[in-house]
Every structure is written in C-alpha cells, then in structure tokens.
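Here come two complexes built around chain A, the first alongside chain B, the second alongside chain C.
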Partner chain A sequence: MTFAVELLGISKHFGAVAALDNVSLSVEKGTIHALVGENGAGKTTLMRVLYGALQPDSGEVKLDDQPHTFKNSKDAIQHGIGMVSQHYGIIPALTCLQNLILGAEGGPIVKVSEAKKRADELAKRMGFEFDWDSDAETLSPAGAQKLEILKLLWRNAKVMILDEPTAMLSPSDSEALFASLRKLVDEGATVILVTHRLPEVMDHCKTVTVLRGGKLISSHPVSEVTDRSLAELIVGGSLVEPPVIEPVRDLGIALDISKIVVKDDRRHDVLKGLDLQVKRGEVVGIAGVDGSGQRELFQALLGVRKIDSGSVSIDDQEVTNWSSAKRLQFGLRLIAEDRHEEGVIEDWSLEDNAILGLQRLEPIQKSLFISTPDRHKWAEVVAEKFSTKHGGLNQPMRTLSGGNQQRFVAARALEMSPKLILAFQPARGLDLNGTADVYAAIREKCKAGASALVVSFDLDELLIHCDRIVAMNRGELRQPKPEEARDRQAIGRLMVGAQ
Partner chain B sequence: MNGKITALIAGALAILATGLLISGVSPMEATKTLFQGSLGSLGAFSGTLKETAPLLILGLGVYIALKAGLFNIGVEGQFLVGATLAATVGLRVQGPVGILLSILVACLGGMLWALPAGLIKAYRNGHEVITTIMMNYVAGRFTDFLVQGPLKAAGSQEASTADLATDTRIPALINSGAFELGWSICVGVIGVIMLWFWMRKTVAGYELQAVGANPTASKFAGISAKKIQVWAMSLSGGIAGIAGAFQVLAYEGRFYQGFSPGYGFDALGVALLAGNSAIGLIPASLLFGILAKGGVSLQANGVPKGITSVVLGAMILVAASIRFRSVKSGD
Partner chain C sequence: MIDVLRLALIMATPLCLAAMGGYTSERGGITNIGLEGLMLMSACVTALCSAHFGALGGVACGVLSSTLLSILHWLSTQKYRIDHVISGMAINAIAAGGTNFLYGKFSDPNNSGKLVVMPTNYFVVAAIIVPFLLWVNSKYGRFGIRLMAAGSDPDKARLMGTEPITIRFWGLTATGIFCGLAGSMLVSEVQAFTDNMTAGRGYIALAALILGGWRPIPTFVACLGFGFLSALRVQLDGTQIFGANIPAVWASLPYIVTIVALAGFFGRNRTPAGIGKL
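So, the complex of A and B:
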C-alpha cells in the first residue's frame, strides 16, 4: 500500500487548548479518504497543517514517503496539495477563466488563447462544461464547486482536500460531483473528503478516519463500519433518538402565504406568485439548493424585503404591510441565515445580544426603558437553554465559538413566546446531538401552539426533523406527491426542477 | 479605558517636552507655564472652562452620530449656521424670549444643515464624511457672505453683526469677579449625563447603538436603520447648532467672520478620545480646553502656540491606534 500523504503524530496547541493531540493520518494513493468528526474535533486544523496554512507544534508531514515541511499554502500547492474550502474562493466580478488562473497565471502576461485551450482540456477530462468568458457570478453553487476543482487541477494538484463539498449541492449535483471525483481518483489523484454527511462516506469513500476533541479515535476501511457505529464513534456515546413524526392535528392555518411576488437585489422577480400554508403546530421544511429564493422568502416574511403583490397572514391576521418591528412584536421569530452579519453584534456582550430583536417586547421593554434585571434574567435563560459555553454574560459575543453562538441565537428565537419561527439553517455549525436538541426545541414550541418554517440545504436533516417537506427551485415551491412525501430521491428531483 | 487615557496624557506630555527641548525651551518651565496659564488661578481656570464649553457640546453632537455609525465632520458648519441664526434672531427679538427663540432656531438650523447628509447616507448610500465636508464649505462661505453684507452692522469696520443687547445675553451662572462659570459648560455636562443615561437605559438608545454597531443585524432585529441614521445625523447637527447659539449668547455677543477657530474640528478629536462611554467626553474636552488656554500663555512666553496642536494630533493618532489594535486582537 503506498501512501500519498502521511501525517504522523501531529500536535497543535492554541494557547492552553490542544486543537490536535498526537493525531496521525495515512491516506492511500488513488483513493477517497473520509475525515469525519464533530465541529471542533480538529478536522479543519489537521487539514490546515497538511495544506501548509498552520505549522504544527510537533509531528511530521510526509509526502510520497518523503518528509516535508510546508512554509505556507503556496508551498503546499507547488507540491501538489490543494484545498477547496467550504466557502468558495470565487470572485463573482471576474470571468470563469480569470478565476481559474488567478494566482497561477504562469507569467506577467496572460496568454488568453493558450489558457483557454488548457482550461478546455481540463474541463473535458472531468466532463464539465464552462463558458470561460462569462462572469463567475452567473455560476450555480454546483458550477462554482466544479470551477474550484478545476482550479486545483490547473495547479497540478495531486492531493485534493475538499471541505464539506456537498453542503450547498442538490442530491443529483452531489452524485455528479462524486462521479467526477471517482474519475480523478482512477487517474491516480488522491482525495481527502471532510464531511459530516455519513451516507457520502458509506457510498463513496474507501477509508474513514474519525477525530474527536482533537484526538484520533479510529481509522477503518469503510467496509468495516456501519452508519450507526460511525455516528457513535463521532459523538463518543449514544445518539439522541430521532423524533417520531406524528400526523399534525388540524388546528387551522398559522401562516398563509398567498401569491407573493418579491424581487431580488438585482430587481428581478425571484418569487413569482408563491403560495404556502403552514398549519398550527406544524414544522415545515423547505429543501432546496442555495439561491433558490429561500433567502428572499424569509426576508419578505420578516418584513425587511418588499412584497410587490400578494399577501401574508399569520394566525388569520394579515401582516403584508406591517413593519418588521410589528411582526416581531406579534410573535414572529427569526434564526438568521448569516449569524455574523444578521444575527448578532459581535462586539457587544452576550447580555446585550440576548435582547436583539426582542428589545421592544415585554418584559424587556418597560415604557421607554430597558428593564435591566429582566434583561439579565432573560440572558441567563438564553445561555442555559442549549448550554452555551461562555466566559460570562458580559463577555463580547465574538469570544464564543461558532457553534456556541448558534446555540445562543437559536435559544433567543425560541424561548420568548414565539408564534411563528423562521429558522434558516438552525443547526448550522452544530454537532449531531446539538442539531437534535435545537430541532427538538422547535418541535416542542410547535406542540405548544407555534409553527415553524425551516430552510436547510441538508435534505437529510429536514427528512429527520420536519413534519412536511416542500422543495424550492427557482423561486417556486413544489409539493411532493403524497406517496413520495418522504422520498429522498423524489424531493431531490423537485429541488432541481425535474418532475 | 481610563488607564489608557492616563497613559495617553503622559505620552502627549512627553512629546510636548521633546518638542520644547528641540525648540530650545526648558520643558519644565514651559509645562509650568502651560498649567499655570490654564489651571494656575481661578481666572485661568475660568478661561479654560470657556474654551472647554463649545468643545464639550460639539463633542456631544459628534458622539451621538458616531454611536449611530456616522462620522459627522460637519459640526463646524452646523455650529456656524447655528451661531449666525442665533445672532440674527437675538438682534430682532430681545429679552429672555429672544434667548429661547435664538437657541431654538439655531438648533433647527443645525438640524436642517445636517439633514441632507443623513438622507443621502440612508437612502442613496453617499458617504457622510464627503457630504458633511462639502456642507462645511458651503456654511463657511455662506455665513461669511451674510456677515459681510446683509447682516453686517451699520457703520462697522469689520465683517460683524451688531452686538446683542445685554438682556439678550445669557449671564454667567456664577461670577465672583475672580471666577466665572458659564451656563454653556453646565448645559454640556447635563447633556452628557442625559445622553449617557439614554444610551444605557432606553430602548431607543439601544437601537441607535445597534445601528452603529451592525446595521444589517439591526434591520433583522426590527430596527429601521435608515430612519435612525437620518435622525442621528439631524440630532447631531441640532446639538452643534445649540453650541453655536450658546457661543453667541453667552460669550461673544455677536457673530463675525472667523467666528470659529476650528471648534468643530477639535470636537471630532474630543469625541474620538471620549472612548466607549459618553462620560469620557468631559475629561476629553477639558484636556482640549487646558491645552488651548495654556497654549495662549505659552505663546506669551515665546513658544509657538502650534505646539499644543501637535500634542493633540499625536494623542488622537495614539488613541486611534489603540482602538485599532483592540479590534484586531478580537479576531
């Protein structure tokens, strides 16, 4: 067995925290190797060590049996190691070709025709098609992902690290991606797949390595593990049982969206007469590829994006022309998509953040004033709900890890008498049990009379946790047929607009 | 923050001493002159307070906008507009009614002068720094023109309005001959305390600061960021207008060409030095006042007055870099 990459006894400390503690990883040449673990398990840190972006405190990196020390990521790519991170490095204003060659132009003067020729060859090899002169902003998430892979091939990468590559892709796009990865592997390349989607590991990878708390837990051929055993290795204990989905009792319509037309930032109609009803007590999931109109729908429901025509009613009260402040007072609650930009004020304390969006609600507001004792009590409730780890409620929000921020933000939206919960990727950055906890809390609120509309790019997550799933494609909602209501493949087809 | 301010003051004094050594003056002697000239006697202290008053009120105006995420460089212009209006109204309506009316009109004038910058920022995303600088030029030239022509006192040699009648002036709160305490400084201090309380305890204060800290998150929290930006800018201008009115009614008794020695620009430094709490405006403006008043005594002893501006400039740079570092280390 020849190894393309070996990481031996890697340790890395940040201050007093051991992010990696004597971790080893051997990746066989010409295979897809999965690296799994919860958030904070050390996956990304380990990959950054391999990629040259971090220097380990101790340990050795071997490439084709030769010890190597990469000074930086440029050095690593020159030795054939490339990484596609979760957030693509595509610059929307440049053309696809410019993005492809950016930073690896091969000289001060770009020979466009030669570059295009080589780009076409690479694309053909992978079975991709690109209009090299069009702007990269026209690319779908799947297209951007493909371009990222071509960027690595352009730089002659032999070892590719892909961090959650399917997070933004539909099931069919994911299948296509793995088909291309197989092709690459057959040609002798090596792929390290960082993922939390276990079906991908089971279906496409040869070996799987589990990290937990910065330590190596196990490394097995995939043929020797099951979904369940792998999940337990990741969590390090038993799993929270998934909820039993029972039929929702008919208590009337809580959210009635009727034929709304909404424009996107470029003034194009993105929702063209969308209809949706959510029953009281129901948790409805919206499945779809990123950019299908989920963002605009949520903003329109919250009242921060104009509804050009149509109407929205919550609990039989029309709210179409209400300000977002009034909607929040009425009982609308949001778990925002972009936590950093939309959900919190990072420089502010946890206590000040606890009332953001709730500042005009009882008991926080007392006439013109903020009730400081109530704010403090409320912040304690929010922090305790999902056991947010923090160093004091007076500490700035930015001192929290992403997962802990998400716990805090989710609790804030759920605990103050919600009527309608809008949750955009409510489990973003949470581990398996954390995800289950947040969805369980949403379900509990819905049992008590609220309703929830959930957007996630992870169809499996919605299948486990929602009462009903609708698919969104190009601003339109599609209901799956009753007999296919929980059929992964059928919903996947609706997500990409197929029948 | 208070420790940092102390360190800053020490640093500034060190720079001052070095500068003085270079220009061949004994630093000890000069420092003594500076403090004697500003704090050494009741009379000197009165003068320092007089210099401090407009800086404190203007600093308050800059600070409100700053907390809403807006840098109002236009307080200089809003101050001039307020002062011109106060003098104009005060010359026509006399007595206590005239005083109140002058302040009110000056406040409205300052608000209106700042309003376009607020509207352009909120609804057209035009940067308020650019628009307020432009409005400063317009205000400067326009008030010059008014005082050279339409508002010029009959028979006056210089570009100045007539003097206000004694009963249209705001008398000193305390005047013992040796020591004088004006109303302006009290208004400034009360304003600071009110603002401090408003920011900490009211929902509106919370929302204003949320807009300043993260406009997008504010929008998602049901806060109308645009409205708050427009109001904060106008309020900032209104306060600058009030500062102009007090300068006319309490100290100068008239408006003239070259009325402001740059109070509006010094106030930017006051607001930046104040740090995270509005209370910080009081020591920050007092520091500016001490250097301004002490600088006059230095000049009398043959040291260029500009040395104090150098000190202030150095301190603001240090303050800005301390802030920058704390932002970076947060990552």
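So, the complex of A and C:
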C-alpha cells in the first residue's frame, strides 16, 4: 500500500491549549479518505498543518515517503497539495478567471486567452461550465464549489483537502460534487474529506479517521464501520436520543404573520403576501432551498427589512412598525444565519459578544449603564449552556472554532427569557450531539411558553426536531397535506415548487 | 475656453498622480490619508535638490524621499500594526513639520530667482498614461490581480499562496513614486516651494479615488472633473456672477461631492473589502 500523505506524531499548541496531540494520519494514494470528529477535535488544524498554513510544534509530514517541511501554503501548493477551506477561498471582487489563477498566474503578464483555453479544458474535463469574465460574486454556492475544484486542478494538486465541502450545497449539488471527486480519484488524485455528514463517509469514502479532542481515536476501512458505530466513536459515548414529538396543546397563536409583502435587495417583491401562524409552544420548521425568501422573512420579522404591507403580531401585539430594539425588548431572539457577519463581532471578547442585541435588557442594563458584573455573570451562563470551549471570557471571539461560536450564539439567543425564537440554521457547523442539544434547548423554551421558527436547508434535521414543517419556494409558504406532514418526499416536492 | 481646459488639465495632473498613488495603496488594503504628506515632502525635496542636481536630479530626489516616507507607512501598518489612519496622520505631520524645517535650513536665501524645473508637460503626460497602465495591470498583470486579492481578502489571498505583505510593499512603493511625481509637479508649476503648498490636494485626490470607486479610469475622470472645477474658479475669480462673487464654498465642492458619493448616490459601494485588515 502506498501512502500519498503521512502525518506522523503531529502536535500543535495554541497558548496553553493543545489543538493537536501526537496525531498521525496515513492517506492511501488514489482514495477518498474521510476525517471526522466533533467541533474543536482538530480536523481543520491538522489539515492546515498539511497545507502549510500552520507550523506544527512537533511531528513530521511525508509525501510519497519523502519528509517535507512546509514554511507556508505556497510551499505546500508547490508540492501538489491543494485545499478548499470551509468558507471557500473565492474572492468576490475578482473575476472567475482571476480567482482561478490567483497565486499561479504563470508570469508577470497574464496571457488571458491562453489561460481561458486551459480553464475551459479543465472545466470540460469535469463537465462544468463557466463564464470566466463574470465577477465571482455572482456565483452560487454550488458554482463557487466547482470553481474551487478547478482551482485545485489548475495548480496540478495531487492531494486535495476539502473542508466541509457540502455544508452549503443542496443534496443534488452534493451528489454532483462527489461524482467529480470520484472522477479525480480515478485519475490518480488523493482526496481528504473533512466532514460532519456521516452518510457522505459511508457512501463515498474508503477509509475514515476519527479525531476527538485533538487526539487520534482510530482509523478504519469504511466497510468495517456503521453509521451508528462511527457516530459513537466521534462523540466518545452514546448518542443523545432524538426527541419524541408530542402534539402541541392549543394555547393560542404566538406569531401571526398576515399577508406581508417584502422587497429584496434588488427592490423586487420577494414575499408576496405571506401568511403564517405559529402556536404558542410550537417549533415550526421552514424547509426550502437557499434563497427562497427565508432570509428576507427573518429580516422582516426582526425589523431590519421594511414590511411594505401586511402585519406581524407577536402574542396579539402588532409589531409591524416597531424598531428592532423594541422587538428584542418584547422577547424576540435571533440565532443569525451568518455568525461571522451577523452573529458576533470577532474582534470583541466573548463577554462583550454575550450581550450583543441584549444590551438594553434587564439585568444587563441598569439605568443608563451596562452593569459589568452582571454582564460577566451572563457571559458565564451563555458559555456554559452548551459547554462552549474557550480560553477565557476576555478572549476575542475569533479564537473560538466555528462550532463553538455557534454554541455561544445559540445560547445567547435562548437563555434570556425568549418569547419568539427565530433560528436560522441553528445547528450550522455543529456535530450530532451539539445539534441535538441546541434543538432540545429550543424545545425546552417552547415548553415553557415560547415558540420558535426555524429555517434549515437540511430537511432531515427539521423532520427530527420540529413539530410542524412548512415548505418555502420563491417567497411562498406551502403547507404539506395533513397525511403527508412528515413525508420527506412530499415536502421535498413542495420545496422545489412541484405539486 | 481653451485656456480653462488647459488650466483644468494642469490642475488635474497632481490630483491624478496622487490619486493613482492612493489606488496602489488602498486597492491593496492599506488606508492612506498620507498622500498629502508624501506630495509635500517630495515638493520640498525636489525644490531643494533641483538647485544642486538640476531639474531631473531634483525630481529623482523628490520621488525618492516620498517613496521612503511611503515605505515608512508600510512598515508601521504592516510590520508594527499601527492603525492606518493614525500612521497616515503621522506621515502628514512629519511632512508638514519636516518640510518647514528642511526648507528653512537648506534653501539658499541669496538665491531668490526661479528654480530650474522639469517642464510640466512631462507630468501631464504621466498623469494620462499612469491610469491606463494601472487599468491594464488590473486586467492582465499578476501584480494587479494579487493587489486586488490582498485588498479584498488578505486571508484568502494568503491561502492561495500569495503574500499580501510583500504585495503591499510594492503597492506602497508605487504610491511613493506617484505621489512623489505629484509633488514635483507642484514645484514645476510655480518654480518654487512654499510652505504647505499642497493645500489639501492629497485629500482631494483621495476624494477622487473614492468617487472613482477605487478604479483607475473613473478616478482619472473624477480628477479631471475636480481639475475643471478648480480651473473655473481661478478663471472666474474676481468676476461677478448674478451680481455676487464666486462664493468661498466653491472650494469645498470636491468634498461635498465625495460625501454624496460615499452616501451611495452614485451606485454601489466599491470600497475594497479587506481595507485595514492584516
């Protein structure tokens, strides 16, 4: 067996925290190798070491049996390693072609027509199509993902690292991605897939390596593990059982959206007279593909997007023209879609972030001032709720891994007496037990009298955790028929607008 | 009318050169309010050195001085991570005080005549060519693509194997050269150096850059516009329109236009996304 990549005894510390502790990984040439583990298990850190973006404190990197030390990513790229990071490396201000060739332009003057020719050849090989002169900001998530793959090919990468590549993709786009990857592997490439989604591991990978808490747990051929056994290896214990959905007692309407009309950024009507009622104590899931109007609906409910007509009431109180601040004071809480952009301020400390949006509420604000002791206490509560791993509440938010940030943001929204919880992908970037924990907490608050509206692009997640699911398509909500209320296929059809 | 147009071109030249200096700095992600200081330093050194080394030598020394000052901005913002605006203000302060001191100390008090200077036409030609070169560079140049990448998202640019810090060094070197030329142009125009002779042109250049959406050609056009406004003011000075003098407020027009532009009345915001990020 020949190994394309061997990482031997890698350790890496950030301050006092050991992100990686003597981790080894051997990846067989010409296979897809899965790397799985909870948030903060060290998957991304390990991959960044291989990619030269981080220097390990100790340990050895071998490519094709030759030891190498990569000073930076440039070095690693030159040795045939390519990486697609979680948030994609596409720079929106550049054109598709410029993104493709950035860092490997082939000389001080770019020969644009030659570059386009080679770009087209690569695209054709993968069955993709690109308008190379268009700005990269026009790309859909699936398009950006395809461009990332071509970027690896452009650099002649032999070892391809993909960090959570399907997090933003629809099921059919994910299938297409794996078809591409299999093609590349057949041609001799080696793929390391970092993922949370176990079905991807079972369906597409040959070997799987499990990390937990910065340590290597084990490596197995995928044929020797099951979904269940793998999940238990990842969490290091038994799994949280999915909740039993009980019928909601009728305690009246908590959220009443009546015929609202809302425009999108291009000034087109995106919600055209949308109606939705959420009962008190109910968790309602909105299923739909990205861009169906979920974002605008949430912004309108939060009061940051103008409602042109129609009305919104919370607990029989009309809030249509209220400011966001007033709505938050009334008990509206948000788990934002994009935690980097909307959920946290990364340069601020955890403690400061803990009160974002809640700063006017008791007990954080006392008369005109923010009470620092109460803020500190509150931040501790928020951090403990979902056991966020952190190195001190005074540390900046950006020192937390993505999953830990999500835990923190979810806890912040749920802990301070919510009346209506708006959760946009509340489990984004969370592992299995983390997801279960967040939904369990939402349910607990709903049992105590709140209600929740949840948007997710993962229909299975909604089916497990919500009382009721409605499908959103082109700004319209559709109720599945009562007998098909939990029918995956039926809801899937409504999501894409089929009858 | 021809006079006004010719004057407009002359007035636009230092603005345009300085704005292009701002472009190579800000497009790469470094906020630069020090354009004013760079111009002033170059103007002073050009005037001082022209007396000893001739016209070309003077320009060379002027450009060198502003380039060194520009690299100081790179050093403080990239190596020592000082806030870009503070560093820029320091550059302006150094230039304002430094030129006053240098000129007082080294200028020849006996030589009250005019300096030997480069013809202004050279600078005018440069001010027309440079924007086009930078535009071509942004389309076809490796440096242009990498500069844009560094200014849009330095982290992603790094992951693609480029080094934003190095790219920005060359960007700021170019800033020094272009602002240096702009300063020399001012000296050529009046064949002398006077205290604070830039008179806010660095900021107007910045305004043109913002108005042009950090793109070379539109910025060039904005500079022409500002140049035309200034020329008109000079031509109309003292004459009366509708029975009133040209109001002093005219001089602040570029700033008003910039505020309107920044408020988003002229299309979308094009500020480089990674500006100020390391």
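Here, the second predicted complex is superposed on the first by the 366 of 499 C-alpha atoms of A that agree within 3 Å, B and C clash if a C-alpha of one lies under 4 Å from a C-alpha of the other, contacts with A are read in each partner's own complex, and residues count from 1 in each chain.
Here is the rule we go by: a contact is a pair of C-beta atoms (placed from the backbone, for glycine too) under 8 Å apart; a residue touches a chain by one contact, two chains touch by 3 or more.
It should be emphasised that the depicted structure is a prediction, and the values quoted were computed from it without experimental measurement.
Undergrad: Is A:8 in contact with chain B, with chain C, with both, or with neither (first, second, both, neither)?
TA: Neither: A:8 stays clear of chain B and chain C.
Undergrad: A:324 in the overlay: touching chain B, chain C, both, or neither? Say first, second, both or neither.
TA: In the superposition, A:324 contacts chain B only.
Undergrad: Going by the contact rule set out at the top, does A:245 touch chain B (first), chain C (second), both, or neither?
TA: After superposition on chain A, A:245 lies in contact with neither partner.
Undergrad: For A:343, decide between first (touching chain B), second (touching chain C), both and neither.
TA: So A:343 only meets chain B here.
Undergrad: Applying the touch criterion given at the start, work out whether A:490 contacts chain B, chain C, both or neither, answering first, second, both or neither.
TA: Neither chain B nor chain C is touched by A:490.
Undergrad: According to the stated criteria, A:231 is in contact with first (chain B), second (chain C), both, or neither; which is it?
TA: neither
Undergrad: With the touch criterion stated at the top, can you tell me which chain A residues are shared between the chain B interface and the chain C interface?
TA: Touching chain B in the first complex and chain C in the second, no residue of chain A appears in both lists.
Undergrad: State the interface residues of chain A toward chain C in the complex, per the touch definition above.
TA: Contacts found on chain A: 51, 53, 72-74, 77-78, 83, 85, 89-94, 98, 101-105, 107-110, 112, 151.
Undergrad: Where on chain C is chain A touching in the complex?
TA: Where chain C meets chain A, its residues are 139-143, 145-146, 148-149, 151-153, 156-163, 272-273.
Undergrad: Quick check: in the complex, which residue numbers of chain B touch chain A?
TA: 201-204, 206-207, 210, 213-214, 216-217, 219-224, 330-331
Undergrad: Quick check: in the complex, which residue numbers of chain A touch chain B?
TA: Touch list, chain A to chain B: 302-304, 323-329, 334, 336, 341-348, 352, 355-357, 359-360, 365, 368-370, 372, 396, 398.
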